[in-house]
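Presented sequentially are two complexes of subunit A, the first with subunit B as partner and the second with subunit C.
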Partner chain A sequence: MYKSGSSAALKRLVTEYKELSLNSPEGITAGPISEENFFEWEAVISGPPETPFEGGVFTANLSFPHDYPLNPPTMKFTCPMFHPNVYANGVVCISILHPPGDDPNHYECSSERWSPVQSIEKILLSVLSMIADPNDESGANVDASKMWRDNREEYDKVVHAIVRRSLGL
Partner chain B sequence: MAANSRRTTPRLAVYGLATTLLTVGVVASAFTLHDHFYTGCVLLSQSGVAMMILANMGLLLMILLGKLLVRIFLGQLRAIEVERLYEQGWIAVTETCLALAILRDEFDAATLTLFVFLLFCKLFHWMLADRVSFMEQQTHLTALFFVRISALSVLLFSVDCLMLSYAVGNTKRYGATMMVVFGFEYALLLARFLATCAKFVLNAIELVRGGEWEDKQALLFYVELAYDLARLVVYLFFFAAVMAYYGPPIHILRDLYITARSFYNRCRDWVRYRKAMQNMHLRYPTVSQDDLDAMSDTTCIICRDEMTGPSQEQADIWNNERRAGLAQNLSGDTPKRLPCSHVFHFNCLRSWLERQQSCPTCRHSVLDDTAPAEGNRDEPPPARNELPPARDIPQAHPVATETEQPQLQGPLRPQSHALPNTAPGSAPASDSTSGNVAPTAGQHTQAPTLWHQSTATRLPLADEQGLGGTGAAAIPEMPSLMAIFPQTVTHGPLLMHSLRDFPAPDLTTLSDEQIKALESGSRAAVEERIRILSAFQVQISHMVVALTQVQSLSTVRATPTTSRQTESMLPSVGHGGASPASAVFDNAGQASTEQRQEHQAKGKEPDI
Partner chain C sequence: MDALIDLDDPSDWPDALPHMRELDQLLRCPVCKEYFTTAMVTASCGHTFCSLCVRRCLTQETKCPSCRAPLTESELNPNRLIDSAVYTFKSGRPQLLAELRNAAKPSLSAAHGDTRKSPGEIGPKRRRIGTRSVGMADRSDVSSENTKTTSMVDLTISDVEQMITSDMCMTNSDDDRGVRLAPQTQDAGRESNSDDSDFMPGESSHTPRPRPAAGTQACVPCPNCQEPVRQARINWHLDRCLAGKSTKEPTPAPARKQAGPAMLLQPASSATKCALPRPTKLAYSLLSESKLRRTLKDLGIPTKGDKQQMQARHVEWINMYMANADSMTPVSHRSLLRRLAAWEESLVRPPENSKPALETENDVAEHAAKYADSFTALVAQAGTARAKPAKDAPDPDPLPASL
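This part shows the complex of A and B:
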């Protein structure tokens, strides 16, 4: 087993972990899955109130590259999720999680993309606001986008089912 | 992904079963009709349907072989890899169809087989490239991974070489045939393979070194550059050859264009990168500890570690050396200031600039420090740290003696509003100084670098004090603000107050002749126009500074996140709308307008 990990990335992850555990924003908890490996985190996000996701508790994994603050982590929901900006396999698709530089597809300008100014906390807050307010212009889950746009009642129903499942009901 | 494979497996099983049954049927019928093996074979090869069924069987075998190889060398494919394979695969299939259209004269079963085999090889090259780039995101890799990748590399390399030499030999013997096309295709694959291999080696070395290898990014970049160049050259030859023998090669037009564009972009990136990295020591000024103390946040945004700078004297020495172009050997955690006035550790900054040549905080390009507006606002901080005479002026020592100095830096240096160290001690003092209108010598030396010549002297100091004062008050809670600054607050709208003291040039009073004269091309007219514009610019800057101050006030109550966000926005706000982050500026402007109104409402309360 080869083990590696940039010390700079590790240091920053430890710092962020400390900050997050001291005062984490409402509705969000996050931390390394095990103390052995700081590059894999688990986050628990509670569904924002006054949205169909209200009451749900969603778990996600964050995995960090070893040049972490220079490149963004990837985030993947480990529970069932139905959302226009979350791929069917759970991978979250928001612009701040995209590596820095110009988008090869010119969908988004480079200012929306990752930069070391961002942090785990900001990612999670962005995800929280993404959950509350989907962006249907660049849908990752086309079914969800379509349903969200055309048939909100059905969308709410599917989401409610997911909320119930996330609570183990 | 599991669901996906479960869905595809039965489909493949059905297809496989049907194909096998058909093949067995055809072969069995051929050999029962004819006793002799040879005649049976002849029958099979002459019947179109039988050949189709046999080719289909071949395809099935190829798919099974592919699956087996994937299992052996790559294990389970990730969802993203499968997705990418489908995407690239479809493009390749369409291109193959176009290529077949060009080679229609030589189209036969052999050509088709060669194309299918080419596609098969391409798929594995893509998978290898995907795996190698996946290495970068991994922190733990098993030895098995290395063995698998190495084995696959050897296999692909030998296939590429074999096919390329076969194509070359074939062309030598029979002249230009469709083998030329395949020769070029395999040459391209070989180039891709070599680039992938180089990346693999780089990634492996990095892993062995425990993830810390400063030069890797640069080397990786050169690998990409070399690959693009090689590809471009091969494509151009390819293009010329196919053009000469067959007519326009439409199937490679897309790739040719993509390669050319990518090569161009890479060259441009390279120039930028070289420019940004060249003499990084010399390019960006070192920030002294005194200057760091004057900043609200001394954490390096990249590593989230505190920055500690050299003493003012040492920084001056380094900065003078820097301007003289002397080589320096600074440690990696020396704080460096970018043209947009954001400060980072030298090493952190370097590793970021290797990837992006823009400020991590405001995304202002680190290269275009030539624009006049920027040059102007870039000046003040360096002027402060670099000119040794400035140190003799009290201004240069923010914390040292006079309490009003940190406040003065408030408006001039966006980062220092929330100044923690000045807030408790100097806040009451600023009350007494807020009415002080007499400019000190230091303010003159500083102001002209920010504002334009004549307008600079007209800059009302009272405002500076007022604004600076509120900046210093950003730390205590809101209620105490009113106690500290009764004057400012009771004066009503903070912003209006400052603008009244500094009116914009009133153009309505100009006579028609004067306006006509202004429009002429004479030097005097141009100078006058510039003067008026710069007066407006000063006013805008003033307004922006005021908004920034108000905004920093209102963030005291906000969550830590928002305060950090606003801090990161501040520089672009402070420098006005000319910066690339004008969208941020607009938002921030709006936000602070709202906050200002809120603040005004609060400020009026004592009056009632």
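This part shows the complex of A and C:
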């Protein structure tokens, strides 16, 4: 009944898993890769409608620290992704995933950053809205940022190709 | 792990009862998502968290986790009503859920039996809570016959708090020693200087509550000297009577400060016999490793590991110590030390990590192999689209090495 380090993290992850599996927001599925280890999750995100990502299905891994929810998880796409806020290696760069008190980019207002009252659901919703509406100030993928800003047609083309690949076409 | 899967959560309530879901949700800490354990309310923004949760958060950032308003530990106040509400809600939850399940099952016998049963069910349950609480609170009491008749309708918050205390005494096997000690020590401390006839073991640091007059003035014969004694004073009387001391009751002293609201802010750490010294915050960067080690030794907590480990341990110890001091049912420092050890172990040894980690690696490798040509195609495509900058610009935001 008491809360020690990882057992608190584990309990919270189990609770969030239960919540998410009962009513997950549209376009999002997430859960532990294996029930043996609740600290590694896989999320499946469907491309938001009315964006170039529409119709795509994207997989990502979420990796939780042992002091979760004091610190946020990290999120990494495990499928090809081309987006201004996703690094070439798939790591998602979004303010809600940045731990409190640490602002490497000096552009975020702290209200957008991680707080222990945030949740996996909120992260995934933020990622959905990030996919639909990139933040070109953060620019994790410089090429994608530039293309998105200067040559939207080309960007859409690249994204469409990724969508097709995400469906195994 | 199996037990963890059975964690209760608001979704246990049927869809048809959204208000119960909401209430269930409201009684949970937004940080740990469990029912509040020693609820603390922030002075400035009025948000409520578990004591340990909010203290851990504040260690990291001195802001309210909910609204990010500036917040320090000195601005935290106990929210006892929430503790009582959580206790009551948790006690009634299984019964209510069972009743709901029964009601949902349209069985043959239910049609006849349940209508008669449901109003009656409430009665015995309440009575049971009543007798149980009284029985436990007055465990050392020789006679509690009159108190047992106290109507449950007169339940006040203090009563519930008392139940919490006494219930914890019985059920918390992990930490029972410290808890059991608590009421007695407090009792002894008060006896010497006050004549609070309402005082019951476990009723600590709360304002005196109005009690039904019936139980208070009732007299019972002392089993030792047969003298009629006010029932509420029987313990005090017996102690003195058996020790051969004067059993004359002292004249009522003026109300002393211990019942005042200020007491709510005082840690109840006096409860423990083998009390360890109260830890204070340190400026770790100004302390040498050996000095920190000595401080930890003086505090009675483990001194192994390097400076960083000792610092983390010291921080967690302060949080645990303070959260325990906030609690209505503080545990012994020995139990607290066990928790500290468990906490540390969970950090060092991630639970059952090896196998799934391997799977993950395989998954990733598989995935990479599967999409290898996609990647190359993508690279080619990106290459053609990219006119002049041949090389990737260096990452403007290098991520932690963990990735």
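Rule of thumb we're sticking to: the second predicted complex is superposed on the first by the 161 of 169 C-alpha atoms of A that agree within 3 Å, B and C clash if a C-alpha of one lies under 4 Å from a C-alpha of the other, contacts with A are read in each partner's own complex, and residues count from 1 in each chain.
Heads up, the rule we're going with is that a contact is a pair of C-beta atoms (placed from the backbone, for glycine too) under 8 Å apart; a residue touches a chain by one contact, two chains touch by 3 or more.
What you are looking at is a predicted structure, and each value in this text was computed from that prediction instead of being measured.
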{"item": "Simultaneous placement of subunit C and subunit B on subunit A, clash or fit", "value": "clash"}
{"item": "Partner chain in contact with A:151 - subunit B first, subunit C second, else both or neither", "value": "second"}
{"item": "Partner with the higher number of touched subunit A residues, subunit C or subunit B", "value": "C"}
{"item": "Touched partner set for A:78, first subunit B, second subunit C, both or neither", "value": "second"}
{"item": "First (subunit B), second (subunit C), both or neither touched by A:121", "value": "first"}
{"item": "Contacts of A:129 with subunit B and subunit C, given as first, second, both or neither", "value": "neither"}
{"item": "Touched partner set for A:69, first subunit B, second subunit C, both or neither", "value": "both"}
{"item": "Subunit B versus subunit C as contact partner of A:12, first or second or both or neither", "value": "both"}
{"item": "Contacts of A:36 with subunit B and subunit C, given as first, second, both or neither", "value": "second"}
{"item": "First (subunit B), second (subunit C), both or neither touched by A:161", "value": "second"}
{"item": "Subunit B and subunit C footprints on subunit A, overlapping residues", "value": "1-8, 11-12, 15-16, 23, 37, 39, 66-67, 69-71, 74, 89, 91, 100-101, 110-111, 115-117"}
{"item": "Contacting residues of subunit B [partner subunit A, same complex]", "value": "1, 79-80, 136-137, 139-143, 206-212, 301-305, 348, 351-352, 355-356, 358, 360-361, 363, 559-561, 565, 568, 580-581, 583-584"}
{"item": "Residues of subunit C defined as touching subunit A within the complex", "value": "1, 4-5, 7, 9, 11, 30-34, 37, 50, 52-53, 56-57, 60-61, 63, 65-66, 68, 172, 174, 316, 339, 342-344, 346-347, 350-353, 355-357, 359-360, 363-364, 367, 371, 374-375, 377-378, 381-382, 385-386, 389, 392-393, 395-397, 399, 402-403"}
{"item": "Touching residues (chain side subunit A, partner subunit B) in the complex", "value": "1-9, 11-12, 15-16, 23, 25, 37, 39, 63, 65-67, 69-71, 74, 89, 91, 100-101, 110-111, 115-117, 119, 121-122, 125"}
{"item": "Parts of subunit A lying in touch with subunit C, wherever the complex brings them together", "value": "1-8, 10-12, 14-16, 18-19, 22-23, 33-37, 39-40, 59, 61, 66-67, 69-71, 74, 76, 78-80, 82, 87-89, 91, 93, 100-101, 104-105, 110-111, 115-117, 138-140, 142-143, 147, 151, 154, 158, 161-162, 165"}
